[in-house]
Amino acid sequence: MPDRALLEVFPTPADSPFVIEHVAEEFTSLCPKTGQPDFGVITLRYAPAARGVCVELKSLKLYYQSFRNEGIFYEAVTNRIRDDLVALMHPAWLQVVTDWKGRGGIRSRIRAEYGDVPVDWRTR
Amino acid sequence: MPDRALLEVFPTPADSPFVIEHVAEEFTSLCPKTGQPDFGVITLRYAPAARGVCVELKSLKLYYQSFRNEGIFYEAVTNRIRDDLVALMHPAWLQVVTDWKGRGGIRSRIRAEYGDVPVDWRTR
Amino acid sequence: MPDRALLEVFPTPADSPFVIEHVAEEFTSLCPKTGQPDFGVITLRYAPAARGVCVELKSLKLYYQSFRNEGIFYEAVTNRIRDDLVALMHPAWLQVVTDWKGRGGIRSRIRAEYGDVPVDWRTR
Amino acid sequence: MPDRALLEVFPTPADSPFVIEHVAEEFTSLCPKTGQPDFGVITLRYAPAARGVCVELKSLKLYYQSFRNEGIFYEAVTNRIRDDLVALMHPAWLQVVTDWKGRGGIRSRIRAEYGDVPVDWRTR
Amino acid sequence: MPDRALLEVFPTPADSPFVIEHVAEEFTSLCPKTGQPDFGVITLRYAPAARGVCVELKSLKLYYQSFRNEGIFYEAVTNRIRDDLVALMHPAWLQVVTDWKGRGGIRSRIRAEYGDVPVDWRTR
Amino acid sequence: MPDRALLEVFPTPADSPFVIEHVAEEFTSLCPKTGQPDFGVITLRYAPAARGVCVELKSLKLYYQSFRNEGIFYEAVTNRIRDDLVALMHPAWLQVVTDWKGRGGIRSRIRAEYGDVPVDWRTR
Amino acid sequence: MPDRALLEVFPTPADSPFVIEHVAEEFTSLCPKTGQPDFGVITLRYAPAARGVCVELKSLKLYYQSFRNEGIFYEAVTNRIRDDLVALMHPAWLQVVTDWKGRGGIRSRIRAEYGDVPVDWRTR
Amino acid sequence: MPDRALLEVFPTPADSPFVIEHVAEEFTSLCPKTGQPDFGVITLRYAPAARGVCVELKSLKLYYQSFRNEGIFYEAVTNRIRDDLVALMHPAWLQVVTDWKGRGGIRSRIRAEYGDVPVDWRTR
Amino acid sequence: MPDRALLEVFPTPADSPFVIEHVAEEFTSLCPKTGQPDFGVITLRYAPAARGVCVELKSLKLYYQSFRNEGIFYEAVTNRIRDDLVALMHPAWLQVVTDWKGRGGIRSRIRAEYGDVPVDWRTR
Amino acid sequence: MPDRALLEVFPTPADSPFVIEHVAEEFTSLCPKTGQPDFGVITLRYAPAARGVCVELKSLKLYYQSFRNEGIFYEAVTNRIRDDLVALMHPAWLQVVTDWKGRGGIRSRIRAEYGDVPVDWRTR
């Protein structure tokens, strides 16, 4: 069962704003309708708040693994991760993009966002 | 015959705005002039309205399959899908891009749009 | 000899603005200096005017083929196609990009434009 | 031990502003927790100040090599390099992007910035 | 020895503004410190001035070849080419990007610019 | 319904043995169990018999199109095409390879053969 | 728990020998030491025996899914699948190749085989 | 009109056997049925005879260009080039492979050969 | 210092012969002449002896890491790994391929082998 | 001027046979007819003789650089390098492959060989 208690943080190591991206290529959960496994790639991007915190990488891996036997839709996975990580870190900006392998010849991408995109990320 | 009655919806699972992309790589219809098959990739991107609805994925697949033996031009396919899905979901934003394999050495892409591009999609 | 009389149109099939892209990968003309063949890819992008017209695809192919034995520079090909298609369709926006295989270790791209880039194209 | 004293500069060779990018594909340091080696790619982009200085390429290589046996986190590497190079060059703009090979199925990218992105870089 | 006298021009063939890109993949010069050969790719992009001139392609090739046995730094090559071509053409906009193969595991890109980026180039 | 009567031949244009390969990237049939469309790529390779015949390209395209609304398994498509073309041409060697897009996360390739592989094809 | 009883067969649809390849890109099991998930791609290639049987595709998918929560090493997965499918089909030839995503910077491939490689497969 | 008189030779510059490959990516001829242009890539590989001759590269280019406005089938082009070059050089081994862009969704490759493949080419 | 005592084995889990490949993409050692770091990819392929042993994956990683601060030439690394692993496992066949990033514009690959290549590996 | 005296050797570091490959991507010489620069990639593969010698890498680089301002044909470069290196090392096997960037739309590859291909190289 997805478990946000698995997530841990550490203080941001810099005074200046910066951006962090973690790409997890080995995510799997179950389709709540059919019980069939879904496979996806989870991209997390965020800018820690000033004097804020960052999510610890190994705890993030364990949190993602807690979805392994959960029946949950693409859209719900994406918004759930967004909400859990925003509640954890209160970042300046956060974006979750999930890319799902095809089902019935259709592949899908879902994107949820929190806060304003940093100016320099906008410009590439 | 393309049949919008095949399409089904479900309520958007999030309070915050987000973006959904479905890429159907196995679309086929017929050229209305020659009867020859056309093959394309249909990319649908949209942001559900607040408290709005999302198109159900399996019903979208069946809707696309209903074009299989229809004689219809590239431009008409693209605008028809845009119109059917806007009528179905009344989304905040919606974009349909169709990519067609080459005919006579020329390959084509058509793009139709509804509503304003979400700010964060603009910035990448 | 390039012949704009080959080009045909049909009425735009939609009330809403949309964008069309045709990529012709098999273009050839001659270098006016040396008589050697040039090979290029011609990308045409345009937004039809409201209640305007679209260029018919097969007539576009024949128009491109009419350059086959014409001696003409890269820059002139690009501007000629832009001018002929603008005169034909009076579109809201039109862009011609030509990509030429290398000569003497240098490959070239020329881009000519007419009208304002549609807002949604700008944002990606 | 990372050693900023290894870095050398030379005067900017132009009156007009310009942008320099150095991509170091062979960076390695150690994980401070486990002692395991980390491997990454360091991308440095900057615009020298008017009448300012540029970092000398060979000295940059030696500076990067001085992290080889240092236990240091991804985020700290990135901010440390940003701070050292800003202190060295006082550039108009500087950006450090680090790309790290996957650990536990998650690969990471960190980006730290100083100053305003040059206008022409924004427009790409 | 780099020789700008090799460069020739011809009048711009269009009344409307347009953009030209020439990519020379076979550039070589010498490192002024070590005498070792450097290999790079030179990308030139420019918009001719209204009623202005374009650089002739074969003369550009010969001009580039005149750097073959010259000892000159990356940054100086880039700015020298920018300056020579601006002096030659007085274009509306000009950009020179040089990409250099790796030395000591670091590959480099230098970009020098003149004038304002054309609006349509900005938008893609 | 697949119809071998659509196939036409012409006499081999050479005295020496040679090999012909036709790759049809736009093949579609139906799953006989579910009625869902299947999409595949059909690769045909053959060496005409001495003083034998070759299959005419346009007739081959029409023959492939005759499977469009036929319910038939992957393995049966492959062997059916092999049998029909062998009966048509009596070639020295013939190979049919079909590549099918994924169903349920599994993509498939089937290969059927007739006669001995030509010596020079074996060696690459 | 891996369960060979899930596997079903159907009679080979051809008199002539042929080769079948199924690539399952979404395989996951658990490391028996650490309990961490492993992700791999399973490639199955085989030639049915004369008048023999083929494995049914959907049953193969369910059989692969039965490894999802099993702790089992790479080498054991590979040999187990080979043994189960040989026992099921008694094919003329069978090959199982498993490709595993990296652990600790090392990615692995295991290959197990049964029977003699068909002559035409050898030659490409 | 294809003209073998355009071809020139020079003596092989080595006592030991060796292999030469020329890939011409810009070949065009006409379809004899429809008059439509065909575009292909011509790969020539050969081993000169002991004390034999090689085809001169520029003359080969001009010979290929002589097909530009000739109506001729794929198979005939391939065998014609093989025959002309064998008659010209009497090589130890010669292979012509032609790759043709798709027509009606089918792309083709034709291969004609003369003599025995050199042993070392066989082994890669 | 490279230390073969780090290597551990486990009994081969199958009665039939099979092949194992481990690709380590993050290998680094030092140049014994200049002290500069070298970066390479180490590919190990082997067939365990009947009733023989396999190298344990984590111990292999630690063994590779023991070269991190060792000054040693490409050729010596390759032969040393071959010798250490042959002494450890007495396999039926073993191959070590090392791929080194470029130095002075030249990249290198070294391959050392032990025993006879398995028949099925030869055939692809 | 190409100068074989630049080449140096060191004793083979292994008792068992092995294979070495050096790929030099930055080779340039001049066309003896036109004086225009040629750019190529030189791949050298060899198996040292038992108790034989290997070519030292830096000396190989300098030897290749000695062709920089030499007018010499593709075929002559290839055979010259083969002859110089065979004379230097008396290897068990040696192969030189040169890949040349396109001239007039034709790119070329030349391959010269000495001795018998090692058995394991043949099998991949």
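So that you can tell them apart, the chains are marked A, B, C, D, E, F, G, H, I and J in the order they are listed, and the count of residues begins at 1 in each.
Definition applied: a residue touches a chain if its C-beta (ideal position, glycine included) is under 8 Å from a C-beta of that chain, and two chains touch if they have at least 3 such contacts.
The shown structure was predicted, so the numbers you read here are calculated from the model rather than taken from an experiment.
For the pair subunit A and subunit H, chains touching both partners: B, F. Repeated interface: B-F and one of E-J, E-I or A-F share more than half of their contact pairs by residue number, and that pair is E-J. Distance from the subunit A centre to the subunit B centre is 27 Å, each centre being the mean of its Cα atoms.
Rounded to whole angstrom units, the spacing between the C-alpha centres of subunit A and subunit C is 43. Taking each chain's centre as the average of its CA atoms, subunit E and subunit G sit 55 Å apart. Residue positions 25-26, 36, 39, 101-102, 104-105, 121, 124 of subunit B are each in touch with at least two other chains.
Chains touching one another, given as pairs, are A-B, A-D, A-F, A-G, B-C, B-F, B-H, C-E, C-H, C-J, D-E, D-G, D-I, E-I, E-J, F-G, F-H, G-I, H-J, I-J.
Against subunit A, the residues of subunit B that register as touching in their complex are 12-14, 16-26, 54, 57-58, 60-61, 119-121, 123-124.
Residue ranges on subunit J touching subunit C, taken from their complex, read 36, 39, 101-102, 104-105.
Touching subunit F in their complex are the following residues of subunit B: 25-26, 28, 36-37, 39, 65, 68-69, 101. Within the complex formed with subunit B, the residues of subunit A that make contact are 73, 75-76, 78-79, 82, 95, 102-114, 117, 121-122, 124.
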